[in-house]
Amino acid sequence: MVAKKFKLLSAFAAVALIVGACGNSGDDEGTTETTAGGETTTTAGGSGGDRDTFVSLTGVPGVSDTEIVAKAIGVLSSNPLGTNILNAYADGVKAYFEWRNDEGGIYGRKLVLDEVIDDALAKNKDKATEVCAGGKTFATFVAPLLFSGATTLQECGMPTFSWGIHREPADNDYIFPSVAVTCQDCTSPINPWIASKLGVTKVASIGYGVSENSKVCAQLGKKSFEQYTPDIEVAYFDDTLAFGLPTGIAPQVSKMKEAGVELITTCIDLNGMKKLGEELQKQGMDDVIMVHPNTYNQDFIKANAAIFEGDLVGVSFVPFEAKIESETQAKFLEYTEKLGLKSEELTMVGWINADTFFTGLLAAGPEFSQVGVKDALRAITEYSAGGLIVPINLSTQWKLPTSADPTTHGYKQTCTNTVQIVGGVFEQWSGEAGKPFNCWPNPTDALEDPVATSFSDAG
Amino acid sequence: MLAIGAVDEFVQAVIQGLPVGSVYALIAIGFTLTYKTSGILNLAFGAQAYVSAATYFELHVRREWPIWVSLLISVGILAPLIGVLLNQFVFKNLRTASPVARLVVTAGLMVALPEIFKIVTDFERESVFGAVGIVPDGKIFYRIFDRYPITRDEIVQFTVAILGALILFALFRFTRLGLHMRGVVESPRMTELRGIDAEKVSSFAWGLSSLYAGLAGVLLCSTSITTIEPGSFFQLVIVAIAAAALGKLVSLPLALAGGFFLGIMNTILPTYITPTSIIGQNLGPSLPFVMLFAILVFMPGIKASKESRDPMAAVDPPTDTISIAQVSPWASRIALIPSLLMGVGIFIWVLTSADQFWMLLFTEAVIYSIIFLAITVFTGMGGQISLALTSFGAIGAFTVFQLTKNFEMSSLLAALIGAALGAAVGALLALPVLRLGHIWLALATLAFAFFFDAVMVKFPWVGPTSMQTAEIPRPTLGGLDFGNDKSFFLLCVVLLIICSLFVSALKRGTTGYMLQALRGSEVASQSVGINPTRWRIVAFAASSGLAAFGGALLVIGQESVNYGSNFAPLTGLFWLVLVITLASRRVSGAIQGGVVFRVFPDLILIRLLHLAPQWQFALFGLGAINFSKHPEGLLEYSEQKSVRRFDRLISRFNARKQASKTEVPS
Amino acid sequence: MSLLHAAEIGKTFGSLRALDEMFIDIEAGERVGLIGPNGAGKTTFFNCLLGVLNPDSGVIVFDGKEVNNLPVYKRARLGFGRTFQRIELFSGLTVREHLVVAERSRNGRGSFLRDLIWQGSPSKAELAACDEVVELLGLGDIRHELIDSLSLGKGRLVEIARALMVQPKLLLLDEPSSGLDVQETEAFAEALLRIQQERKFAILLVEHDVDLVSSFTQRAYLMDLGRHIINGATSEVMKSEELRRAYLGDGEGAQQ
């Protein structure tokens, strides 16, 4: 829409949303349910006769005898982060579809992503309304910064698969984010553990002031240290920084230097991280480690290798650098190479979302409908995209967990997948070989060492 | 020991603030230069900076051309060239235009220029972050007194800012050219009488100030801006305006000082005030706007200081005014018929055949029309510009949110209360700033809008916190549930009709008369006993109330607050320019504005013409630029044409009737 | 008790003493002229009386009330009317509408709330009052014309008409003949005299046109360099030595 231009300045909220969701500094929370045989139920891929059965369906939007049609909506123009969001995301979805179509499709039909819609940052609701009203779409894949179309998609009964950084999916059971909606006021043991593992005694927690989410993230970061590692001092705290740090962060860094800070947990975007990194170098604090919530961007890190050396980055899925026993991961690497796609974060998110969709279709059976897919997915108690993400209990985790009740709608475990930047590339840091996640029980009372875990297909 | 520590801390804070200060200072002096040499508040300064910065990025970072070549092209050649072209095709016509017209045109440019650039160069085909400065290895730093680090980029910024200011200062103080440049602003004709080519001087002035804009753009990239997006440039320009205001927009030394002051305050404040205190939380982000507002309200001599008319203006023949009174009243009524028919037709179509999507668009078009009526009142009738409309819209929206959340009030009632609150806040705001007039008033309202955005929105008693769902229920009235989109659409149409009647009544009544008199001549109005303050406050309060009411309806329709999407401060500028370009003096202008704003892009540009979103801005900008030729508004202009056509038809008809009467045989 | 009494009026701009103990007295119904060479301070004094400028010292009493601190529009309501040297008309309004505005302002019938209930349009009584003045000034033919298209002479008449609507007790005219030729000036003076006889308000005329001052005013004040020089019956002041000296300079060798 015409005025998107100007929403830029107030897209602080937008970025903060990103920050907020990945906000507990790169942690993931997930359930493992160990069944009697010690095996976790798998949900990726699928075999069985059901899949090739064809039943002619009428009156199902976006479904013909030959195709199941989906659309993607996301931010392309007016993106304040400057990174590739919509296109990378759509590429991931298309690559997954290609994999499944190469296998023969599903229920005699091919999966098609027939339109990639730019919501120009502020027009998400508009585009969602348009897709709903068009009546020719079965499912929608969404990668926006401002997810204003959430209620619209919910109300029109559209199975929606989204980039898991927003709060909007909460209470909307038709929306399936790549990461379940996280608790907005819960503390987390992740950063305290990282700090204690690295042996630091003084830390800082910072966030943007303009956005509520970034602020809250910074505050929770501080509270987490106070709760889990009271012997580690939060020597500097600032939740009032300006978005993107246009005027630098020099005095704040000076204060951190004065206070002897050794590790900084941040709730800010990648451009802000860069400025922070440069300033740290300038003031001779090269050894200080930054914990990035969301700069899992290979190009960006390579271009700024020197600044980020030794830093830690949280990733919401199994990073490309960690190989696990997973067909879903293997196929991702195969198809992205085949189609000449870059392995970017959003591409993986698209891939995961597409896998969720496919899982739902499989579970719904040959006489599927939008409601049917939704219900089928909501019956699944453990979904982990073939081990790529921490398992989500889709039947419970679509409402918001709170600090008063973190378990009913939350993950069974609090997990993190952390990589470290070494020589301009990411290296797996958390977990062990083949078990990239570090997990704690949810809730955690006292800090203990995490358990290295993998959620991949057994065998 | 303590004393040394304190001094050390202070010096460190100052040195840390210098780079930012240099950036602000450079923009401030460039901005002042433009105003001083053209009399125009060039809002597009940031856009020009963006174009040079983007070009430099394209050439040096993407294509890896050497620094000096990239610099020469992007700053040395492209920037002044754009300035000269703009002068030739746009600004030349603005010299005698009203302040409103000038603002509209520069705002249009501000929007269109970056988009045209993006279209022409396909600039966003790859990612746009990773901007670097103009010095090789700019991040290498040195230590002043072996203690305070400063990078090469920062040293260059500082040097260029100081040098740039000195050069300009010398130009104006010591050269004839500088004198001529100032003379051309005061009175082009008079300078011509002395044998000076006013056109050439003007061109040079624009080329020079554009050079500064380009230079600022490129230098910004070394420290402040890492992602090349137009919005970041404008953000810095707003702060620079505050710095330039210190010098009343004409004093270069003061602009320089103001820029450094704001930059250093940026680092002094966090050094001495804890970030978590109330002051620390709110003063930092809002300092430039508070300063701008304070300067405008308290500095003596600000009021309309540039209102002096060209003493030689009488030499130009008067512009052609359309004599409305001479047209028969039937002609005006007949001319309305096509638009009325279309309106009714659209209304019926929406009610019967529109799907959810078009229903959404048209409902919001109706709601935006209500908001735009605020412009009809304050700008169309009052002749002034308010850039704070979004803040008032937000006040209405937040009132609805708080009242429905905390008191479970009907959202419609809450909307009415929101309107009243908006009007009250408007009246309060008006008191100190209305006397400023024209651009100063516009700037004061802009300062308020940014202040509101930076500070007020965050308070929990104002906006929603992250823990709250920002949802808003649709109202029910008696048995009617407006949760149904169709009935909500009808409700909005009814409300629009009521508001339109309200505004028409004001226009025809005392308020309209008094405001028009005040526009014509404030001294003369006073001489017949009209109190200017009273009527202007009335106009501003009414306008704010309308904006608040519209804002409230908007979020009720969306069932969620969505502050960022709906009420960003610069959106208000966009609304204003759009409505003024169409027709600010009449109610139909507001309605057409609502439709153009909300429906036009999807209907015409995307569906019919299949244009990318960027084109909307390019067209918008071109429309605004055209405004200078038709200051009454494009739609008003075309309506006047059809009114006169009807008038001719009617007079011909009457003439024939007369003729046939006289032919009756006796 | 004079209608207008001003005394000890002083005004300084920076280092320039524009007015120095200037004074004036005007009786009801009188026609008084204020003359002096360029730079004498006539306009400054004029503006002080009207409230456009605030004098540094002195007192201004109008109709028994001290008006020193009243803003311009309040003085207008007390009974000051004025015209402007450079015409100040309301662009976009017709001749009659100018008068309506003034009349509305005077009777205070209009308000925001009244507008909302559609009581804003001019009433019959208001229009009648305006038409009366329109006829009085011979503007009947052009009453529906936009003032933007009027000649200077007609424009001045409109200004007078507008000023009359506030029923002034004292009408201040600021160089009304500037821009008019001899015939226009005569016509103007004649119309004005007629109206003044009928409505009996006082006039203070600031003028350069010596003929107009001589023929029109009863008394005159001469000022120069911000100070009062002499005042008295117009014919006397016109013949005086002080006037010659003020306008033509201290004349040794003053040639023809």
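Letters A, B and C name the chains as they come in the text, with residue numbers starting at 1 for each one.
Everything that follows uses one rule, which is that contacts are C-beta pairs under 8 Å (C-beta built on N, C-alpha and C of every residue); 3 or more make two chains touch, one makes a residue touch a chain.
Everything numeric in this text was worked out from a predicted model, so none of it was measured.
Asker: Which of line, ring, star, complete and other names the graph you get from chains that touch?
Answerer: line
Asker: If I rank A-B and B-C by number of C-beta contact pairs, which comes first?
Answerer: More C-beta contacts join the chains of A-B.
Asker: Would you mind pulling out the distance in Å between where the CA atoms of chain A average out and where those of chain C do?
Answerer: Here the centre of chain C sits 77 Å away from the centre of chain A.
Asker: Taking each chain's centre as the mean of its CA atoms, how far is chain A from chain B in angstrom?
Answerer: Roughly 37 Å, centre to centre.
Asker: Quick one: report the Å distance separating chain B from chain C, using the average Cα coordinate of each chain.
Answerer: 41
Asker: Could you list, by residue number, the parts of chain B that touch chain A in their complex?
Answerer: Spelled out, the residues of chain B in touch with chain A are 12-13, 16-17, 19-20, 111, 124, 127-130, 139, 141, 149, 151, 223-232, 234-236, 263, 266-268, 270-271, 275-276, 280-281, 284-285, 355-358, 360-361, 453-454, 458, 465-467, 469, 471, 558-560, 562-565, 567-571, 573-575, 597-598, 601-602, 612-614, 616-617, 620.
Asker: Can you tell me which positions in chain B touch chain C when the two form their complex?
Answerer: The contact residues of chain B facing chain C are 318, 321, 323-325, 502, 505-506, 508-514, 516-517, 519-521, 523-532, 538, 542.
Asker: For chain A, which residues count as touching chain B in their complex?
Answerer: Of all residues in chain A, those touching chain B are 1-14, 20, 77-78, 80-84, 118, 120, 122, 125-126, 129-130, 132-134, 146, 148, 151, 156, 167, 171, 184-185, 209-210, 212-213, 216, 237-240, 242, 244, 246-248, 250-252, 254-255, 271, 274-275, 278, 281-284, 299-300, 303.
Asker: For a test of understanding, state which residues of chain C touch chain B in their complex under the given definition.
Answerer: 50, 52, 71-74, 76-77, 80-82, 84, 88-94, 97, 100-102, 104-106, 109-112, 114-121, 144-146, 148-149, 159, 162-163, 165-166
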